[in-house]
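In the two assemblies presented below, chain A is common to both, partnered first by chain B and then by chain C.
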Partner chain A sequence: MMKRLKRPIAFLSLLAFSFPFIFLFILSIAKGWNFPNLLPSGYSTERWSGLVQNTGGLLQSLLLSCKIGLVVAIVSTFTGFTISRSISLHSKRKYLLFACYFPLALSPVIYSLLLNHFFLKFNLSGTFMGVVIAQLIITIPFSILLLSSFWNERIRSLEQVSSTLGSNLQQIFFRVLLPVALPQLLICFFQTFLVSWFEYGLTIIIGVGKVQTLTLKVYQYIGEANIFYAALSSCLIVFPPAIFLWINKRYVFSKLN
Partner chain B sequence: MTLENTLLNSKIVTRLVIVCFLLLVVVPFAAGLMYAILYSVGLIGILSNGFTTSHISGTVQNPEILFSLLYSFYVASCSMLISLVLSLGGVLFFKSSITKGKWSFFSYLPLAAPAIVTAFVSLQVFNKTGVLSRVLYQTNAISDLSQFPDMVNDSLGIGIITTHVLMATPFFLIFFSNIYEAENLKSLSEVAKSLGASSTKVAEKIAIPLLLKKGLNTILLYFIFVIGSYEIPLILGQQSPQMISVLIVRKMQRYNLIDIPQGYFLSIVYSVVVILLIAVFLKSKKPVI
Partner chain C sequence: MLLNIQHISKQYSAESVLENISLTLNENRTLSILGKSGCGKSTLLKIISGLVLQDRGDIILKGKNINMLPANLRHIVYMSQEALLFPHLNVFENIAFGLRIKNEKKAMIETKVNHLITRLGLHGHHQKMPQQLSGGQQQRVNFGRSLIINPPLLLLDEPFGNLDTQTRAEMQQLFKQVAGEFNIASIFVTHDIKEALLMGDNIGYMNNGQLKIYETKKSFISDSITGAQQEISFWQTL
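Up next is the complex of A and B:
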């Protein structure tokens, strides 16, 4: 009985998991969607082609989100890798790692409200740099936690063996540590990029609406009851991570397993 | 030249990196919290007139605050409970095929949608003229829009809870599936069955307790995350009661300046709750991430 149900349930789950993506795409190309019709009255690629002409500043927001995401991911992966190594050697390792959970567990919007005064003081509020720094305050502890498990006894032995065999610092870093750490670093890069890419609360508070990332555009269009452009912005948010996830699962996870 | 003699490993560099860590992670958190404390007792801020506890007593006496905290706990508890039941059921039913099978990519797909997009999809599915009401109308289950229940911006938080469940269930499915694989639960179950245990007994006595025990840290962290969620209640919630994050933002961004110190005090209360929950989490040895 249960075995016979397995396939239909699997199919329904598959449909449920992919529904938001299909629905958002259909809505982004819909001409109109009046009640009680289940499907839109017509379809047009006008909105998607308008993207190239930067209609509504969407292309600009897409590029801005990419730029912020890349800067945040690169800086936090590198910083996380360096700091997690020092923490792993520290006698108070447990407490230092414990401190990393605070910025992560707090709601980003509340954390940004607590920090907002300092961003205003240093003229970082409403700037690209301000949003990047604010996001780094969250992504760096995240990458430290993510990479802290990398620095185990095996890696330490590997470093020591390379050193006793005559490798210098650069060689240890580039020829030993980096190749071994690459899958973890890639995961960290993807994850921190996604944290930045998905960020809304922190960006709206520190960016004061001036740093218009894609998530802000979605909320703006929802507020304007412009569901078609909200769907288009949502597509721009969800499709790149979906491709990332596919690459991650196909190439990175498979190497780790 | 041994590794201990190299610059990278020297105590000075390690200390410098730790100072950087403190500046990047600990100092902002402490500074933000300290600023909130000073603001809420009237020592700094636009309306500062020296030390006062009036803002704190004003906040404590406001029933809206208690309701908001309770409402946040209610939403988080319901969301987690439903998600855990669904994901545990899913893992016991599909086993490791969730993350290993041919179609396993689809299990990961919902992770690519942020809270704001999931909330938007929920709004379009569950509102009065949304997909669900259209389906019910087309199948003659309802004949008028008024017959469709309020599923978004409702007092019970159905829309918020449903959206959190939609986000949390795929996450926990993958998470528990990985534990299932790592703990070799398949073999354990087979051994138990060969000794005469039924499938229900295996699930009840072996699989569920083991999955919950191993996943306790992540469950707690996710619970904290739901309590502080912002985008979902912002889009799908109602004016009162509001979830704690939405209420704090509303208080601190109002034109009424008296509300700002109250907002800061509220954010301290929220931070203390989070710290306490993390302290519980610290007791456990295994790292979550």
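Up next is the complex of A and C:
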């Protein structure tokens, strides 16, 4: 019975998963779509070709989001990895790890409002660097929490074995720790990239509307009731996460299992 | 004399783990240390290898005080109960690890590793990953990885503790052969009386952080605290 239902269930799941993507794509190429028509009245690639010409600054926002996401993901993964190691060796590690929950427990909007004064004082408001720093304040503790479980007794023993075989600290880091931690580091990188990619509250407050990421563009188009451009920017916004999901499934999870 | 340990002591918080430990070890000899779990055997080995710092006492290797020398410069290899192979490297690369970090020539690495692989009975397993090996095979790779750097001293912390009886006997025999062949000096820690007697040229007994070295195996057996007599009478009355 279950065997016979397996295929239809799989098909329905796939349909449910892919429907939003298909719907957004159709909406992004629709000329007009009036109620109660089932399908749009016509199709055009005008908006997509306008993207290349940077119509409405969409391409610029896409590149800016990529840049912020990559910087945030690289910095927070690297610092999260090294700080979580130091914390794992610290006598007060329980308290230090607990402290890492604070930036995450607070809403990013409230958090950014509290910090806004300092960003203004250091002339970081409305700048690329300001938004990156604000996002790092959220993503570094997140990385530390994500990677803290990596530093167990076994890893410590591997470090010790490597050391008695003649490795210095640098060799232990690059030849043992980094390759062993690679799947966890990739997951951390993807997760922090996604946190940055979808971040809205922090970016709008610290960026004061000057740092126009793709997420901000989507909200802007929704606010303007411009559903076709909102759909186009939404297509762009779901594209990198979809790629990461595929890479995760293809390379990372297969290594972890 | 290869190793001379003088008055080593170690405390964790208020608890004394090692008290005034002294021992000597000559070239190409194996010292077995018998002791129950938690008696301080592993701490002693970790101090000798440089992984843990002693509170007091001196470690002299080949006439040189190595108290302040970091673990990676001592070249004293510490082998634990678990093989602890590098999970991202295959058998060949695990064994070659110590040579790779020294940037040795590729051809030399290949010759040395292949020789050890054959010698340790791992032929045909070059490309296998650690998780594809049995416990005994993993410990053989661990041996190979340690031997390839030609360490002056090998520290074995219950290395066969996780193996079944038959594999354990095979590994004991292999170790004896390899130790002789490679002229290795070693300290072999175990909680198994038979293994301690079998593996060591000299033998010691450790209890509550204190070490007693016996001049002969006979004196070790006749000392009631080692439990050797009880073991013998058990087998005799069976």
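In the analysis below, the second predicted complex is superposed on the first by the 244 of 257 C-alpha atoms of A that agree within 3 Å, B and C clash if a C-alpha of one lies under 4 Å from a C-alpha of the other, contacts with A are read in each partner's own complex, and residues count from 1 in each chain.
Basically, a residue touches a chain if its C-beta (ideal position, glycine included) is under 8 Å from a C-beta of that chain, and two chains touch if they have at least 3 such contacts.
As the structure is a computational prediction, the values presented were derived from the model and not from experiment.
> Examine A:163 and indicate which partner it touches, taking first as chain B and second as chain C; both and neither are also allowed.
A:163: touches chain B and chain C.
> Who does A:36 touch here: chain B (first), chain C (second), both, or neither?
first
> Counting only touches as set out at the top, which of chain B and chain C does A:113 meet: first, second, both, neither?
The first partner, chain B, only.
> Of chain B and chain C, which one touches more residues of chain A?
Per-residue touch count on chain A favours B.
> Contacts for A:198 in the overlay, against chain B (first) and chain C (second): which applies, first, second, both or neither?
first
> Could you tell me if A:175 is touching chain B, chain C, both of them or neither one (first, second, both, neither)?
A:175 sits against chain C, while chain B stays out of touch.
> Pick one for A:247: touches chain B only (first), chain C only (second), both, or neither.
neither
> Hey, what residues of chain A end up touching chain B and chain C alike?
160, 163-164, 166
> Touching chain A in the complex: which residues of chain C?
Residues of chain C touching chain A: 46, 49-51, 70-78, 80, 82, 84, 86-88, 97-98, 100-102, 145-146, 149.
> Enumerate the contact residues on chain B facing chain A in the complex.
For this pair, the touching residues of chain B are 1-3, 6-9, 13-14, 17-18, 20-21, 24-26, 28-29, 31-33, 35-36, 90, 93-94, 103-118, 120-121, 123-125, 129, 131, 133-135, 137-138, 145, 170, 221, 224-225, 227-231, 234-235, 244-245, 248-249, 252, 263, 267, 270-271, 274-275, 277-278, 281-282, 287-289.
> Which positions of chain A touch chain B when the two form their complex?
It is residues 2, 6, 9-10, 13-14, 17-18, 20-21, 23-24, 27, 35-38, 79, 82-83, 85-87, 89-90, 96-103, 105-111, 113-115, 117-118, 136-137, 140-142, 144-146, 148-149, 159-160, 163-164, 166, 169, 172-173, 197-198, 200-201, 205, 215, 218-219, 222, 227, 230-231, 234, 237-239, 241-242, 244-246, 249 of chain A that touch chain B.
> Would you tell me which residues of chain A are touching chain C in their complex?
154, 157-158, 160-168, 171, 175-176, 179-180, 182
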